[in-house]
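Consider the two complexes below, in which chain A is the common component and chain B and chain C are the respective partners.
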Partner chain A sequence: MNRAFAFTLGTLSAIGGFIDIGDLVADAQVGARFGLRLAWVSLFTVAGIMCFSEMAGRVALKTQRPALALARSRLGPRFGLFGLIGSLLVTALLVMAELAGVALAFQLATSVHYLLWVPVALALVLLVVWKLPFEVMERVYGLLGLAMLVFVVAVWQLDPDWSQLWSSATTPAPTGRETWATYLFFLVALVGAQMTPYEMFFFSSGAVDHRWRPKDIKVMRANVIVGFPLGGILAVAIQAVAFLVFFEAGVRVEHLSQTALPVAVALGKIGLVVAIVGIFAATFGATLETLFASSYDTAQYFGWSYGKVQPPARAARFTTVMLALLFAAAALALTTLDPITVTIVAVVCSASLLPFLFLPVLLVANDRELMGELANGRLSNAVGFATVTVSVIVAALAFPLLILTKGGTV
Partner chain B sequence: MTEHVSVRMTLLDAQIVDRDRLPIGRVDDLELFFPPDGGPPQIARVLTGSQALGKRIGGVIGRWLTSMSARLRRPGSRAGPSTFDAGLIADTKPMVRLRVQADELEGIAGLERWLASRLVERLPGTGHADK
Partner chain C sequence: MSRVARFAGAALTVVIAGAAIWYVSAPPKGSDGYRERMADATRTLRSQVQSARIWAATFAGGDATSAATLVGFEEAERDASSAASQFESYEPARRYLPLRSRFVALAADATGALADLRIAAELDAWGRVPEVAGRLDNLAASLERFERRARR
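Showing the complex of A and B:
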């Protein structure tokens, strides 16, 4: 395997997985309302998702099977079915939001209403799923996604008062005009947006599809170490530019164009074009990831054949699930439901599922009989256990806060 | 008793693949055979498919899964969950591998074949045309 290109799986996981419609919306909203006062959350989410992706990747290297597929033999069919049904429902919402994100990127570029672009986005997804090999797919969107780095450049270009940014980042409390309830609600939303479980599934299923073996453990770890922190930096950069442009004016982010606006302010038209390319790549990559991850998930639970490695007709049930999800999501997008609202609801629901998806991976990675010398060490277990504990608290808070704050609108 | 426990840990819920390692389904349940002389129980047949799985899950969702799966199966097939003879198992580690190809199993993965011939192969760009 070409070592240079081996990195792209990680880059895609970072750009298309870590940064997706959820972050483009939640990070920009958080930046505009709270400045960098929730930036510390990214330290936790990056550490957590790195830990679990590495664990899932290690299970895939050792057993050539994704972690969640093994979990059913350990936890029985009921636990797995609960997580599966939950994640299918959340994924349908997420795919809808990502598709709408692709359409909104087209709208930003052309000024034609996004609903007209939804069918185009759908056709594009179908074409790519059907015709592009897995590796080409992840390379193209991984590389295009690097355009998102324009948000980091924009932070410098806006010439901020660095001490003001620092003092905001080191104040873990709501600003004067916000309540603790909305602060905690956006904390949950950030966790859901940044620690999306499909990153982990996609990463480990990708490792299986790539036929990685235990000797590839360094490449796998390099992907985790480079990819996810990069995603975390991008997330904080989106918060920072929204803070610098919107906070003083008290502007609330209610449209995806507002996520890109600070880049236009900082870098002009060229910057805006690069940002639109980045947003397109991130949402398009995430559409593919969410779609594949949940179809993989379903197929593995029932033991069906799956994957880009099998021709569609040899994995008919897998292909049918994927098409059904995609068309349901496109239909949902065309109902004119506000994609921003759907995104926030989807990331909060996703946060409430985290413990059900993390726990099985933690158990499988600790199974010495299965994992041998690649079983979890102390570091993985310490970070993993802490992540599960926090995710249980976050999950318990998710729905009460969603209702209490009316989705963060109060 | 020890055999029973180990079967539950090693066989139940395991992935089933055919001779060519094509995934077929999971070991959703097992049919045991108790020898008349009172010897230890042996595995007679392996149950696979959502009809058998639904019975193990139980509750509303389990019943729904079982009845959906039973209805989807072809009218010609005999009632009850789809099964195959335990003698077809060639290997159980790391997953259950059969001696035969998936296509040789009567009534197993019927939905897969039905969807392949009625839906997926008919879509442009799939199936035998260009693969």
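Showing the complex of A and C:
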């Protein structure tokens, strides 16, 4: 049993990070408009985020310090501050979007407007952060998030023409009714949604919190190998069901409820309820992850004591940052800003930050003096350099495409 | 970095951000721009009509909960109304007045049908939903034809 539970950090990182509100929305939008023509992006993002999470995990195992904190101490405070401010701004937007996602899941279950659920979601997050131990928290949300597998079952139940799906997946180009600019914009959005930097922060800081040592490298790698590919499979399944139900009808996905609708079409009420539970777990898990990642990040930069395993009073500044961020996110959500628009902007901003967050980790993991026998091998370097190169191109294209396509609405 | 360079960098950022906001939110430019916006608004209406139709059919088949279906209807009505009212606020060239009138009529039909669906669901008159949803098929087809016409 304990072995099964050893994978929950990876599962929570993947389901709460890989499949968060950004992915739930972006994947359904992409599936409805492009079919599986952008599914190949998930292969790249899974490989990239696995590579960097494993790298960051390895650094944490060897040094008992998160990779980014080490990188910053070497690259100087200016570079570190730039990365910190950038990632804090993006993650703060994501906390708001994830919290609204939890409220939207409640709305789907009850039909009561999501704004009334925002304070309830806030109270639930507070309760979990304050009362639940880290391991229980990751186990509960890691396991509940497995409800998202209902999207995979729904693909089968919709009885698709597999050759049509394959043909769509092997055509990396826009459909006749879409432009290349929109195709590339959604490519950027998928990269930003699936390779969110906070997954890496959370995973490596969680490894430090778990007090993993070099002997735990197999557990750490198993978490990476189990968690992130699972996220990738779920992402492609969401694209596939949206394609099968919405593409012919010309529906453009604008709401979280539309992400769940294909599951109801395929599996009925029970499927819909399971999908809502999965959406709740994914967005709730992501709220916790984004909160912790931002607080870890800030505390590590300023050298404060931090960690969920410590009582709040012993990591007072860490806890204060977390609470301030949570209340600010709830206040922002209550302004009636559309959470889906915020999500799309946040994932594009996130995509533009990737090279600034990946490169330092790559440098530290290559430092043989520091890492010894756990330094990067050829495979890690090859995948790492390829990921950084692609992320530089994606970062350069992110804002021009956001403006040119008006956030993918044209 | 010198103070002048910093100031120039900040000024350039403000100019680029302003231009981007203007590009994203400006009303349509010229007759091609007007037709393009009309086609885009029609596509949004069709998307919302089709979304509500799928929710209604799924509910009628006993496959969706009433709570989720009501949420689907509310969102479809809100988005359709917003797309229609935003487009209707643009000033057309005189020669596009007949085309605009056709759009306004179609948009009124679509938002009216979506409101009827939402009201039936809110009043718990779920028996009326299939009857109202029956209008959505024809509406979607009309909107598709109109969108093609607007894009020509």
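We take it that the second predicted complex is superposed on the first by the 408 of 410 C-alpha atoms of A that agree within 3 Å, B and C clash if a C-alpha of one lies under 4 Å from a C-alpha of the other, contacts with A are read in each partner's own complex, and residues count from 1 in each chain.
One rule holds in what follows: contacts are C-beta pairs under 8 Å (C-beta built on N, C-alpha and C of every residue); 3 or more make two chains touch, one makes a residue touch a chain.
What you see is a predicted model; the values in this text were computed from it and never measured.
Using the contact criterion defined above for the overlaid structures, shared-chain residue A:Arg78 touches chain B, although it does not reach chain C. Of the two partner chains placed by the overlay, neither chain B nor chain C lies in contact with A:Phe385.
When the shared chain is aligned, chain B comes close enough to touch A:Tyr306, but chain C does not. Legend: residue contacts after superposition of the two complexes on their common chain; A:Ala316 is shown touching chain B, with no touch to chain C. Within the superposed three-chain model, A:Phe247 lies out of touch with both chain B and chain C [touch as defined at top]. Touch criterion met: A:Arg65 reaches chain B, while chain C stays clear of it. Of the two partner chains, neither chain B nor chain C is touched by A:Trp40. Of the two partner chains, chain B is the only one that A:Trp130 touches; chain C does not reach it.
Residues of chain A touching chain C in their complex: 107-111, 245-246, 249-252, 254-255, 257-258, 260-261, 264-265, 267-269, 272-273, 276, 399, 403, 406-407, 409-410.
Note for the complex: chain B touches chain A at residues 9, 12-16, 22-26, 28, 48, 50, 53, 56-57, 61, 94-95, 109, 111-113, 115-116, 119-121, 123, 125-128, 131.
Of all residues in chain C, those touching chain A in their complex are 20, 23-24, 40, 43-44, 46-47, 50-51, 53-55, 58, 62-68, 70-72, 75, 79, 140, 144. Considering their complex, residues 63, 65, 69, 72-73, 76-78, 81, 85, 130-131, 299, 302-306, 310-314, 316-317, 319-320 of chain A touch chain B.
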